[in-house]
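Order of writing sets the chain letters: A, B, C and D. Residues in each chain are counted from 1.
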């Protein structure tokens, strides 16, 4: 029975009628009646997403709206889930992650008035989708500086998930940061081609350490746990991603490249509730205090544990962070290999 | 260009560690093909072992119990595989694929049920396998690094291969086991229960896969990530196939693949992109199979 | 009189075998759901809530049902592709690689060849199918020429296809507009998209589904009505018999594997032109289309119609799983568990065992003799 | 009186053995006795239940009812293991050997000499086997791999295996079916010697002269029932064959007819197999239209290879094969079939059918491209179905429906289906390899009739059979084959069993 049955097909259509233009005029609506949905990758322990989860939870507590989070198990369910979110009459649909970009654009152009769409982490041209992106290169630059200042050798390692332009801003920012203090630096990059293969990341880290890298930048999501374990064994310094990854058990994780997505979610929801959300694309960086480095732009949950991260170094990097915020240091990511 | 021997030794050391889990599974695959059972559920058996090791480790804090538990759970899954394939004569492909899917689902599901997390589980309470420092060898410059920080399970993989070789070719029981693979009907006609031998072999492959699984979660690293086996069970099948299902052949083919992967990794950062270097071990497998074709022709098995 | 009897008997036998073929999966599905229910209960959740959400999200309304059908398209095609090869005795488990190559080549052809519109789409699909077909053919050739067994080679080919296309969409053919965060190609020109039906607002259901059904009909026709179908089936049942009867084994093998690969590839092509309109890394692998398709084919005993039905059912479980994820606390992996239990039970033919223990004993002694063949 | 004797020295006694397979009563209250040092022959037509009875004795099957007594004690054999322990060994119709293992390994399997109660002591095994082979004068090389041993030697290994197990009762199920005449006479000698050493032997065979030669006593079975038991010295081949079939077998009158033109010519055909053995070594022969040409020989002398080469399944290394004046040495199977050659294969389950294919599918093979049944690759299913129904009826095949699987038919019926299919190819040449192997006497007469009918219609038939009687009855001309060569040629009138037998064993014609 795939032929159109009028009785059935009226259901979603009528739902569209009951909320005419609701999304564009949320101001009149009680926040408690609002439905907000976050559609993202599988959350797991991915801090980029767990922070968003926290942010959304905070907003729910604050305003009492109904919120839901949908994790997409595979590439094909993104569009289904976004469409279902429209069907299920959500007012604000937040899509986080590259795989959601095309689907949300498609759905937004089909149902421009049924919901407000926000796309986090990817740029988009779609007029109906607000895009939020980050200048991760600024954080990476600060991490690079720290690395350059604490590392005794001229060799710097990094373990990333994927090779290619998509992750170049992390690598470029890191290299620029290192080079700003250590012009003769040499770099070693390895790629796990997986966000979860901690074993592989660890082996790469051990190899890089053996090759003389005194600092290894970990940027392969869950697999970073492998790099951290290697740091503990081999005594090189390393940094985490997104949220405070320092731990009293591992003093070699000296800092973290901050990407505070909780703040972003809270900002979006607040603006939405207050009717102030515009469709202008926004980019967050050090200036907005979303991107940064732990102990430089943000305090850690643990005090600085490593003696190598001296006050002097912190002060120096803080100075650079100020310059970035003020626009004195401009970091525009070029195409890789150019 | 000056060659950094220490670095090379570390790479070899990494390769050994990355390969031993595959070697366990490949030995499991080999013993199954010795009794003419095609076991595709290695992946699922391994995943179960890896998961159970973490669970038991978390609750008991005992490495020994973790290893035992992992081996046992691998055997349990293998028992299901064996019974379905041997007793019920179910299609090996269906059983294997379903068990793999089942264990992937079940471990992910249980990870959430038991620990309330998704994706990854790590905890300071987890105790990894103790690393073994070999008394004299550890002080030899190159060799020492090559064999640094291996766990007893890493060494045991090689020992297991040798034991398996002795078992198959020197003991009476191994002799009878091989006979099942050659002519099951003849074994039955002598009143020896060939079904039981086959199931036992599959269960033993479960034990091996369980040990391989332990290495993935308590050996190289001490944490559990979802689908931590990431296709190693399938890769083991290819390795066993190339090694002619001979324990020593399997050791050689497993390390051959290990080095293919190591070379792939070494090529990262050169003009060849990592997406391509990742394909290298698989391409090498095919090429190796082609080159050993004559030998395999006879063994080539057309599945029903 | 005798003749009449014969016909009645034939009909009875046919009915019996169909009941057997259908009863088997139905029983397994029931048992799979039962085990799922036990797990849900053990978690302290409500069976009705979970299964309710699952069926609602998989088949409940026309919108969700169409979402299921849309998801089923590549699963159907991978299932049909697998069934086509398996029936002839060729264990092609490389559906994933063939699917990936099909989707990738179609996307690239649609983007970089000068053709647009329907012609462009047809050419892109044809090239995609050619790529998938040739990829499968390569495995067949390696088997024929070097004895590299298909199970291993097609399995390895899955990984190789995945990484090679990953390279292409990460570098030479990458979409570099915008910030270029995602490894994917540019978007394909609208003129080449497979149109949507638009019977239910917001549904992505497109005409590709009917193309998949068309493939099923063609395969049915080939199997039932053509000499090729007959020869490949005989080859699958007994190689020596077919060869002795003049069937050209190598030719049948090559054609079968090519077609099987092309059918899987067609799934990729349709997914690209009908739904995604780009080729993105992992978009065909992560949903496990090929493996689900293979499962569907095996549950259905390689019967094309059954494969389609099972594919839709499994797709329903999966979209339903996403609904569970949306509305309850249970991880969607429960659907994986249920799906796996179903296929396991089907494979064990427990129903048969329960009913006909005696018959099994007979075939066991028969299979003992066949042992040396496989 | 017999019973009284049994109480004293009876070694084995089977009482009221009944075995029901579904609706088939394979054994119906069979009694069997065996004394120490005695050779008992069990004979009977196909499906009489001989094998079943022996399988029950060996623990491979459980009787529906009935008892087995050994030395007066009741036994129950759940598996061959029990039977072996009780001193019963069996050589089955199909050898149960491990081709990859050595002779010694095969013999000691199941009771291996051990070192440290764990390790397999192979050198001890070799020595044990050597001693055993000396003791029973059965010469074998313990280190040879089974796959490199000829059939006769493999049989010797089977017997040694049983002797190694210390069996007192040895069961041989059709042991001579695959042996060369020399090997057969060796086997019979061995049997007698073993009997003289105190072993008891049960032999199942269809070859009555073997019964007369070696046995002390004969038991005849028919359709699951006991028919008669007698001392061998008190009976004759004629009486036994009458008892087996239940009627006299009438010899067919085959009228002479002239041949018309050559159909098949094989010249100097050579083929070496993978092991480097010369299977065909300069073989030449021809078949004309309107005659049945027989190839007599002990199996394994190149008959199978000759058929494979003619039908295109195998390619000869050198030589010529012309079919209707066309060279077909390099042609494919389908090409040769098109040119005009059909073949009833030797192994009906390997080449003749697929067990899971239904009636229609089985009957269609090699007909599928005929314009009557298909056009442009599209099958005409209705026509095919009607044709098959009619064919099955005409050839009197007993089946339950067109959807029935070939594997569910009885051996005789599947054979009839295959014969029907191949004769209906209506080709100038028909190769019939062992066309009546394993079928019952009725089906045999029927098939012979069909072959003669084809001959009468001007067809050429190449009959390959290891049954001399079949060849002598049907053939106009007979070749003997030995070691991959034709070593003799006879007209029907010239041929005698003695002459053929001599040549089949490698003798010289007119020597």
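To be clear about the criterion, a contact is a pair of C-beta atoms (placed from the backbone, for glycine too) under 8 Å apart; a residue touches a chain by one contact, two chains touch by 3 or more.
A quick note: this is a predicted structure, and the numbers were derived from the prediction, not measured.
Peer 1: Taking mean CA positions as centres, which chain lies farthest from chain B?
Peer 2: Between chain B and the rest, the longest centre separation is with D.
Peer 1: Have a look at B-D versus A-C and report the one with more C-beta pairs in contact.
Peer 2: Output for the comparison: A-C.
Peer 1: On a C-alpha centroid basis, what's the spacing between chain A and chain C, in Å?
Peer 2: About 36 Å, centre to centre.
Peer 1: What whole-number Å value describes the gap between the mean CA coordinates of chain B and chain D?
Peer 2: Comparing mean C-alpha positions, chain D is 47 Å from chain B.
Peer 1: If you average the CA atoms of chain A and of chain D, how far apart do the two points sit, in angstrom?
Peer 2: 76
Peer 1: Roughly how far is chain B from chain C, centre to centre by C-alpha average, rounded to an integer in Å?
Peer 2: Using C-alpha averages as centres, the distance is 29 Å.
Peer 1: Two or more other chains in contact with one residue: find those residues in chain C.
Peer 2: 166, 170-171, 369
Peer 1: What are the residues of chain B that contact at least two other chains?
Peer 2: Those would be 118, 183, 185, 188, 273, 275, 278.
Peer 1: For chain A, which residues are shared contacts with two or more other chains?
Peer 2: Counting only residues that touch two or more other chains, chain A contributes 71, 162-164, 193.
Peer 1: Taking the top-of-page definition of touch, could you list the pairs of chains it picks out?
Peer 2: Those chain pairs which touch are A-B, A-C, B-C, B-D, C-D.
Peer 1: Name, in rising order, each residue of chain A that touches chain C in their complex.
Peer 2: 1-5, 8-9, 11-13, 16, 68, 70-77, 79-81, 83-84, 86-88, 98-99, 101-102, 107, 110-111, 121-125, 133, 162-166, 193, 335
Peer 1: For a test of understanding, state which residues of chain B touch chain C in their complex under the given definition.
Peer 2: That would be residues 36, 38, 84, 88-91, 93-95, 97-99, 101-102, 104-106, 108-109, 112-113, 118, 183-185, 188, 231, 234, 237-238, 241, 273, 275-276, 278-279, 282-283, 285-286, 289-290, 293-294, 296-297, 300-304 of chain B.
Peer 1: Report the residues of chain A in contact with chain B in the complex, numbered from low to high.
Peer 2: 42-46, 71, 162-164, 188-191, 193-194, 196-200, 202-204, 206-207, 209-211, 222-223, 225-226, 229, 233, 249
Peer 1: In the complex of these two chains, what residues of chain D are touching chain B?
Peer 2: That would be residues 59-60, 79-84, 90, 92, 96-101, 105, 109-110, 112, 114, 118-120 of chain D.
Peer 1: Can you tell me which positions in chain C touch chain D when the two form their complex?
Peer 2: 3, 6, 9-10, 12-14, 17, 224-228, 230-231, 233-234, 237-238, 240-248, 358, 366, 369
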